[in-house]
Every structure is written in C-alpha cells, then in structure tokens.
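Below, subunit A partners subunit B and then partners subunit C, in two separate complexes.
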Partner chain A sequence: MSVVEIVPGPKPSIWQRPWVAPLIVFVAVVGLWEALVLIFQPPVFLLPPPSLIWQSLAGQFGALMSYGFNTFLEAVGGFVIGCSLGLVVAMFVARSPRLSELLLPFAVASNSVPIVAMAPIAIVWFGIGPGSKIAIVAVMCFFPTMVSAVRGLTAASPDAIALMRSYAATDWQIFSKLRVPTSLPFVFNAFKICTAVSMIGAIVAEFFGGAVNYLGIYIKTQASILKTPDAWAAILVACFYGLFFYFVIALLERWLMPWRRMP
Partner chain B sequence: MTNSVTLNESTGADRQGRSMPRWLWLLSGYLIAFVLVALIWEGSKAIFEIPDYKLPHLAQIAEAFVRPTPKGPVWLVLLQDAAYTAFEALVGFTLGSVTGFAIAVLFQRYLPLRRGFLPYVIASQTVPIIAIAPMIVVGMGRLGAPPWLSKSIIAAYLTFFPVVINVLRGLESVDRDALLLMRSYAATDNQIFRLLRLPASVPYLFTALKISATASIIGAIIGELPVGSTRGIGVQIVVGSQYNTFNPGFLWATIIMAALLGMAAYALVALAEKRIVKWKREE
Partner chain C sequence: MAESTPIIAVDKVSKIYGNANASTVALKDVSLSIAKGEFVSLVGPSGCGKSTLLRLIADLDKATQGTLLVNGHAPDVARKNREYGFVFQAPTLYDWRTVERNAELPLEVMGRAKADWKPRVDKMLAMVGLRDFHDHYPWQLSGGMQQRASIARALSFDPAILLMDEPFGALDEFTRERMNMELLDIWQTTHKTILFVTHSISEAVFLSSRIVVMTPRPGRIATVVDIDLPYPRTFETRESPRFFELMTVVRETLKEEFVGHE
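And now, the complex of A and B:
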C-alpha cells in the first residue's frame, strides 16, 4: 500500500472512490422504482415497491435467514462433494493425456446440459428432502471443477518439469511442489463459479419440490399465491448467501495463494 | 492462424505415433465408453436389484421414446415440446444478447455509467438471479401476456449479464499500440470503435453466447415449471416425474430430450463461432 502513496499526484476527489458511483445508482434506482410505483400504481404482485419488500424482509427476517441457511447448507454440501470428487477424478485423468483427450469433451459438453432438469430423478433417488438437492448441486459442481483442475494440473511448463527432473525430484515432489501450485488459480476459478452454481442449483432444484422451510420452495409458493414482496425478500436473502459464499471462497484463495495478492 | 492450428494438430498426432486417424480413435473411445456405461447401468441394476422407477432398463427408455400416443410417437411429441422451448429460449436469447451488447457499448463509451452499474452486473454473476423466474411467470400470466413471453424474458435476463461483461471486456481488450496508432492517424472515436473495438469484441461475445445458449434453455425450462404452463419440455419433465412410478422410462426420455436441446443450442453457437471468428487466438 505504501508503494502507492509514494507516487505524487493530485489527491483523488471523493467522486472517484470506487463505491461512490454504485451507491448513487443504488439510491437512484430504488428511489425511481418507489416513485414510479407510487405514480403508476401497478398491481403489487407484478412490481412491489422497495418499501414493501423491505417491510416484508424486516417482518420475517429471522425466518427468511433460517430458510436461507437451510438452502445454503444444501449448496455447501453439494459444493464440497462435487468439488472434491472433481479434484480427485482430475488427479487421475491429468496423469494420462489420452484419457483426458477422451474425457474432457464429455465434461465440457456436460456444461451445456441442463443438469438441474434432472432434479426429478434426484428426488426419486434421494428423496424429497435435502439429499436430492445436494446431489444435483454436486453434479453441477463436479464438471467445471474437474475440467479446470485437469487444465491446471497439466499447465505446468515443461521447462519447470524438466528442471525438477534434472534435480532428481520424485513424481510426488513434482506433483506437490509444482503441479498443485500451478493448478490453484484454475481450481479457484472453478470454485468461484461453483459458489454461484451451487446456490442456483439448490434453489432451482427446490422448485421441483421439497419442504417449505427452504428458500426455493418459499419463493415458488409465495409467487404462486401472489405474495410477491415476500418472494423478493427471499431473493434478497438468497443473494446475501450467494455473495457470502463467494467471498468465503475468495478469502480462502487469498490465504492459499499469497503470491497472487499483489497485482 | 488457421494454418498454425492445423499444423499443431498434425504434429500432435505424429508425436503420439498413432496409425488411426484422430476421429476414428475418438469414436472408438466413445463407443467403448457407451458400452461401459450401459454395462455398469444394467449390471448395477441387476446386482443391487434397483427398482424400475429408480433406474429403468435402457430398453425401457428406448421403448418410451417410440411408444405411440394419439399425437404421434413419444419422440415426436417430445421433439415438438423441445422446439417450443427452443423458440421461447431463442426469443429471449436474441433479446438478451442485443440489449447486452448495446449496454456494453454504452458502458465502454461512458465511464460514469460503467462505474455506477458494472459492479451490479458483475455481482449478478454470483447471486441466484434465476430465482425470480416464478414471479415473472406468475405475474405476467396474471397480466394476460402470451405464455411464451415470460419464459423468453427469463431467458433474456440470463443471457444479458454474461454478454455485457464479456463484450465490455472485449471492447477494452484492444491492443494499446493499435489504439495509439489509430489516434496518431487522427481516427475518430467512431472509426476506432468500428475498425478496432468491434472486431476485438467478437471472440468475447461468442464466449458469452456459448454460456448464454445453455442458460437461456435452462431459463425457459425453469419458466415452464410453475403450474399453468401447458407446452414445452419443462412441462413434460414435470409430467414425467408425476407418472414415473407407472411409466418408468418416460421421465428419462424427457430429460434426455432436454439434455439434447441444451447441447444443440450450445453446438449451434459454437458452429457459428467457428464460421465467423477465424482470427481468434488460442485460449
């Protein structure tokens, strides 16, 4: 940080702080939204004013946060299972160029498959409870993690490998000291994508059915009985957990890859 | 660029010293993989005595596809539903990518706009925005809008965000030297945009479109889930899950059709990319 301050120059005005413009936009959008709703009076189920959403959020904050936490746990469970399986499989696949040439197209193609549409099958297999949602999230997290990890594990430069070999490094040493650190940026990229994917997967899988104290089902039910402010409040909670999950992983990344902290 | 790519591929094949052509080798690999999956599927079904409603015989799924209905064989009915979903998704995909592109251009031109709005566009990638799908479907249904429109809107906003982010990245990705050169020739902002920024953004656009192709299909399917929808592959999936106990195989058939639809959408965009973007650098 001190490096930055050495550079002489005009002190940036408050308007150039990175958070000022988004804050202005936020206030303006919310204000405009509220004003337009007041003027045009659209039906509440179509577009509730922010004040009503806020009321709904404040009125049942505890309940919504606990629903959100239930969904969040499904997302985390699926994330942990799917990402670990992806990493383990990637370690085997990355060892053989032929195997990865054969399997990677499948894994990439799976990106274009609406995996969440398989939720009914997951419900048949693992029941209507959290199990089926965790399974769907796990499958959704598995493929991006595996693909990125294989790419990362095979990204080490041949020169570096040759150098380690010339120093008689063992396979394990090359793996742990070269391949794994090289793969970390790739893997964390996948992890960050998976945080979003896992919250989306958990919520959408809940649209197919489940208990009421989960966000997805709550949103679907409240929307269908036209209690739109409640559903919007639930979505705010979902966004909160999604961002929280993302920042936890981003923090973990900073902690595990200290050499990347400096721009 | 095309030349160097083909060169790499041929040297790659030579290095590995295969006598078989690459496609034949891959094809046999896929066939073996398919047979393996089929063996594991039927084998585990036999060994663990998994009931049909959990894991139908592969033959049951095949049979579910060809079974006749009053409206023709099942595969034809499913294909029509998939086409309907594809239509909803395509409308949204077009709408979302056009607005997304326009917004990205605005963000590139006007710094204050970008400063104010871009953080939200980026944050949208880490939050489950798809969760507002049921509200759009129910709300627009009450308004009396045509049933496909709400699905298209969901598909549009799922397409919108990745397109904005990637196109903006593409517009900004121009080579500094090229930019300075154009400025030194007194090129106007419009010329720089048309000759430099626009071509630079196309590969990035396609990266986004490939993500969005699948996302828009998923969005349309999710939009078909709430009660009240009558057409589309999402409706068939719900029907399939309701009758799964009596009719194992059909649920799988609907899901396979949805998977094929997603893959087809992706493949179409990838194909267009191959035809249009010939100057793309290796990733």
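And now, the complex of A and C:
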C-alpha cells in the first residue's frame, strides 16, 4: 500500500472568484456604450451615455427609490395573492384527477390572457390605484405557481408513497410529510420566476394610468417628454427591486431546504 | 422449526393483472407457510411473481384469489397494526431528512412518544454502523450506506416481520456480500422473521434457512429447499462444498422448469 499524501492546492486567485467574470463583462459593456456614444454622438433622447444615466440616478436617488418601493409593494402584493391562489388550487387539483380535468383548461386560459388587454379593464374593476396593478400581477403569478405546484405535489415516487402506506400513514401525513416537501423545489422555481414576472407586471400595468409616484408612470412620463436618461435611471431602480425580490425568495428557499445546500 | 401457528400464511393465492381481454397471471395458486423467526428467500427469474407476492403480503397490492394471513390477520389489518417493516430495492430515503430523521419517520407517523424516538433510532443506527452519520443527508452517503439507513428505518419501530424486496440488488458484489453478513447479524440479534426477495441464488443460499424457488408464466412455486448450512454463517460458508451443492440444487430446479416449458 502506498501512502497518499494530501497536499493543499494553491489558493485560488481572485480571477477565479465566481463574480469576477460577470463584473468584467459589465464594466466592458458600460465602457463600450460610453465610448460609442462619445464617438457617434447620437441624440441624447435616443441613447444617453451611461454617465448621464448615472447623473440622473444620483440626482434623484431618494425619489426614484421611493417610487420603486411603491411599485415593489404592488408587485409583492400581487405575488402573494397570485402565488397563494396558485398553491391552493394546486392542492385541490393534485388531489383529484377529475377536478384537475375540470380546472386545468381554465388555468391554461388564465395564462393566455394578454396583460395589455387586461390592464384597462382591471382599472375599471379595481380603480386607478394599486388595486388594479396588484390584480394583474396576481393573474400573472397564478399560472406558473399552480402548474409547478401540481407537478411537485404529484412528483413523489410510487415507492416513497408505498413506504408511507406500509406505515398505515393517513392521507394528511402522506401530504404533509411526503408530498409537500417533494414539491418545494418545484414551487420555489415558480416563485423565482414570479419575482421577475411581478415587477414587470406592476410596471406595465402602471403604463395604463395611476399616481405619479410609481416607477411605471414615471418611466412613461419622462420618456414621453424625451427625458430618457431619467427613464433609464428608473429602469435601473426597477432592476434593483427585481433582484432584491429574487434574492429574498432565494434566501427563503435556502432556509427552507437546507438539504439542497451543496458543500 | 416448531409446528406453531405460521407468522405468514399464504393459501392458494392468485394475482391477475389487467381485465378480461388482456390479462397477465402474475401468481397462480401459491401456498406458503412461514414460521416465526425464519429467514426465507423468494428466488426466481424476472416475472416469477416474487415481488408481487411480497407486495400482497404487505398489502401494497390486493390478491385476486386466495387468502393471506400475516401474524393471524388479513394483510390490510396487519398493515394497520404495523406488523412489518418494508425495505425496497431503492433506499427510498426522503432527501429532506437526515439519516436520523429518516429512521424516525415510522415512529413519527405512528405517533410513538417522542421521548422514545432517539434511543430507538440511536440503537438501530449503531446496529447498521451509521451512528457517526446520523446528521448526514442521503445524498452524502454511498449506496450501501443509504440501504443500511433504510434497514435501520424499517427496524426502528420494532416490527415482527421484515419484508425485503431485492434490497441489495443495486449494490456491487463486495458491498452486497458485506451487507449479507450484516443482515444475518441483525437477524440473529433481533429474532425477526425475514422474507427476502432476490434473483441471486448465492445470496439466497448464504442468507436463508429456507429458499422458495419460483418460476414465471404463470408465477408459481416450483420447489422449496431447506438450507441446512449452520449459523452463524461466515466468509468460509461461501467456500464450503455444501454451499455449492445447495446452489446447484436451486439452479437445477430452475433449469428443469425452463427445459420443461420449451
């Protein structure tokens, strides 16, 4: 038997960190953008240079963040309502094949509703305030959550279910101790998709009207008076809230599913 | 074995899958009686109905004809009485539970007092050699260790019977032979009745006090071979002339059956 010596490898250099490559790409793209604008001098309203967008963002940072927060709250409200409804319907659908035959066509139909067509009607139903935006976000979050949750709740293997039956487990025990944990990865995938969907939904819904202290209205107004650096700055703020939302859900996922943590 | 009431009694059991137009006879007129404390293996090629018979005893499937008694009860009553622990070919551990929490699962489902969980599970994990791995998740274990955890789980609620459906079928030869030894140790310390399905003749001969040889189309019992190798069985058992004689007896039975049907 030979003795295997375990030698510690060289310390990974800073270039091997996972965030380095994306950062370089980001800096390169912004630099190229600035350079191209300097060289070709397009009208500012068509393509403002990053430096100008940065000025706009810095100049009204507090206001933009508060508009963003208002829109973010609509997105969260719609997300909570839509995802909760999706989960509740999924629980019934996953339980009974007959019910799923009855409900699935409607669920698919809800997914094909074009939000652009829905928004003016939502304003008639729920008012010009946040209510109509929340409603639209809820509709958009419902479908992906429900479909993923049904798949997750029915994903337990036959043997995993037989094991529970061998213990004479009740239906509720099979549901809570097997089906729900099995469904979590599926459900969280849907939630993560819905974080992006809900920010988009809230902003697009605001294009159809609402108070001025919301991102969508701000973007639309500033773009219409050709103050596009302001619109770009607002888009950056929207990105920030979207990413923030995503990471909150991703953290929740890590916390609820410690077994998925790889070393 | 003393002629007491059998712990598992199978009487003229048939199982037919499908409907009147297209049906498969998985089991035909199978009768079998297993005494308390026996280690019985069901051996045979694919489609001989050995796994089906095990699932009928476990009430995971219903017999088409005939009667089964498990510890004196119909299979559905026996299942509700938690008379048996079942070990599947795949370890079937729940990914979201540590080894310890997996082994606790039956106790939790059965509503046993929480204070009893830890001592029971600690004892079982020590018996299968996983004490140091109690807080590991299934994906952190090798295939053999996962199957050990699943055996600890089946034993944690102390059932009288252990039903095992090709539990070592997916393991490599070396791991399988080591697991065979460990299973015999467990059997001799716990005095369980074990009904063990396998398609490996050598595994069956090494483990069992009795082998039920089954043949397919339709699934039925060809013969029952008493294995008179003394316990405790050791590494040397596999090299003894009697071991090879018994392997040949089982193999010949299967051969005759095939020749007879050609």
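The rule is short, and it goes like this: the second predicted complex is superposed on the first by the 236 of 263 C-alpha atoms of A that agree within 3 Å, B and C clash if a C-alpha of one lies under 4 Å from a C-alpha of the other, contacts with A are read in each partner's own complex, and residues count from 1 in each chain.
The rule we apply is simple: a residue touches a chain if its C-beta (ideal position, glycine included) is under 8 Å from a C-beta of that chain, and two chains touch if they have at least 3 such contacts.
These figures come from a predicted structure and were not determined experimentally.
Look at subunit A after the overlay: subunit B and subunit C fit there side by side. Once chain A of one complex is fitted onto chain A of the other, the partner contacts of A:257 are limited to subunit C, with no touch recorded for subunit B. Of the two partner chains placed by the overlay, only subunit C lies in contact with A:167; subunit B stays clear of it.
If you stand at the C-alpha centre of subunit A, subunit B and subunit C are 90 degrees apart, rounded to the nearest 10. Once the two complexes are overlaid on the shared chain, A:22 sits against subunit B while remaining clear of subunit C.
Comparing subunit B with subunit C, more residues of subunit A are touched by B. In the superposition on chain A, A:181 contacts subunit C only, with no contact to subunit B.
Judged by the touch definition given at the top, the superposed model places A:157 against subunit C, while subunit B stays out of reach.
Think of it this way: put the two complexes on top of each other by chain A, and the tightest Cα contact between subunit B and subunit C is 8 Å.
Overlap of the subunit B and subunit C contact sets on subunit A: empty, with no shared residue. By the touch rule above, subunit A contacts subunit C in their complex via residues 157, 159-160, 162-169, 173, 177-178, 181, 184, 257, 259.
Those residues of subunit C lying in contact with subunit A across their complex are 58-60, 79-80, 82, 84-86, 88, 90, 92, 94-98, 105-106, 108-110, 137, 139, 157. If you check the complex, the residues on subunit A that touch subunit B are 18, 21-22, 24-25, 43, 45-47, 97-98, 101-102, 105-106, 109, 111-114, 116-118, 120-121, 123-125, 192, 195-196, 199-200, 203-204, 207-208, 215-216, 219-220, 223-224, 226, 228, 231-232, 234-235, 238-239, 242-243, 245-246. Within the complex, the subunit B residues that touch subunit A are 16, 26, 29-30, 33, 53-54, 112, 115-117, 119-120, 123, 125-128, 130-135, 137-139, 142-143, 213-214, 217-218, 221-222, 225-227, 234, 237-238, 240-241, 244, 251-252, 255, 258-259, 261-263, 265-267.
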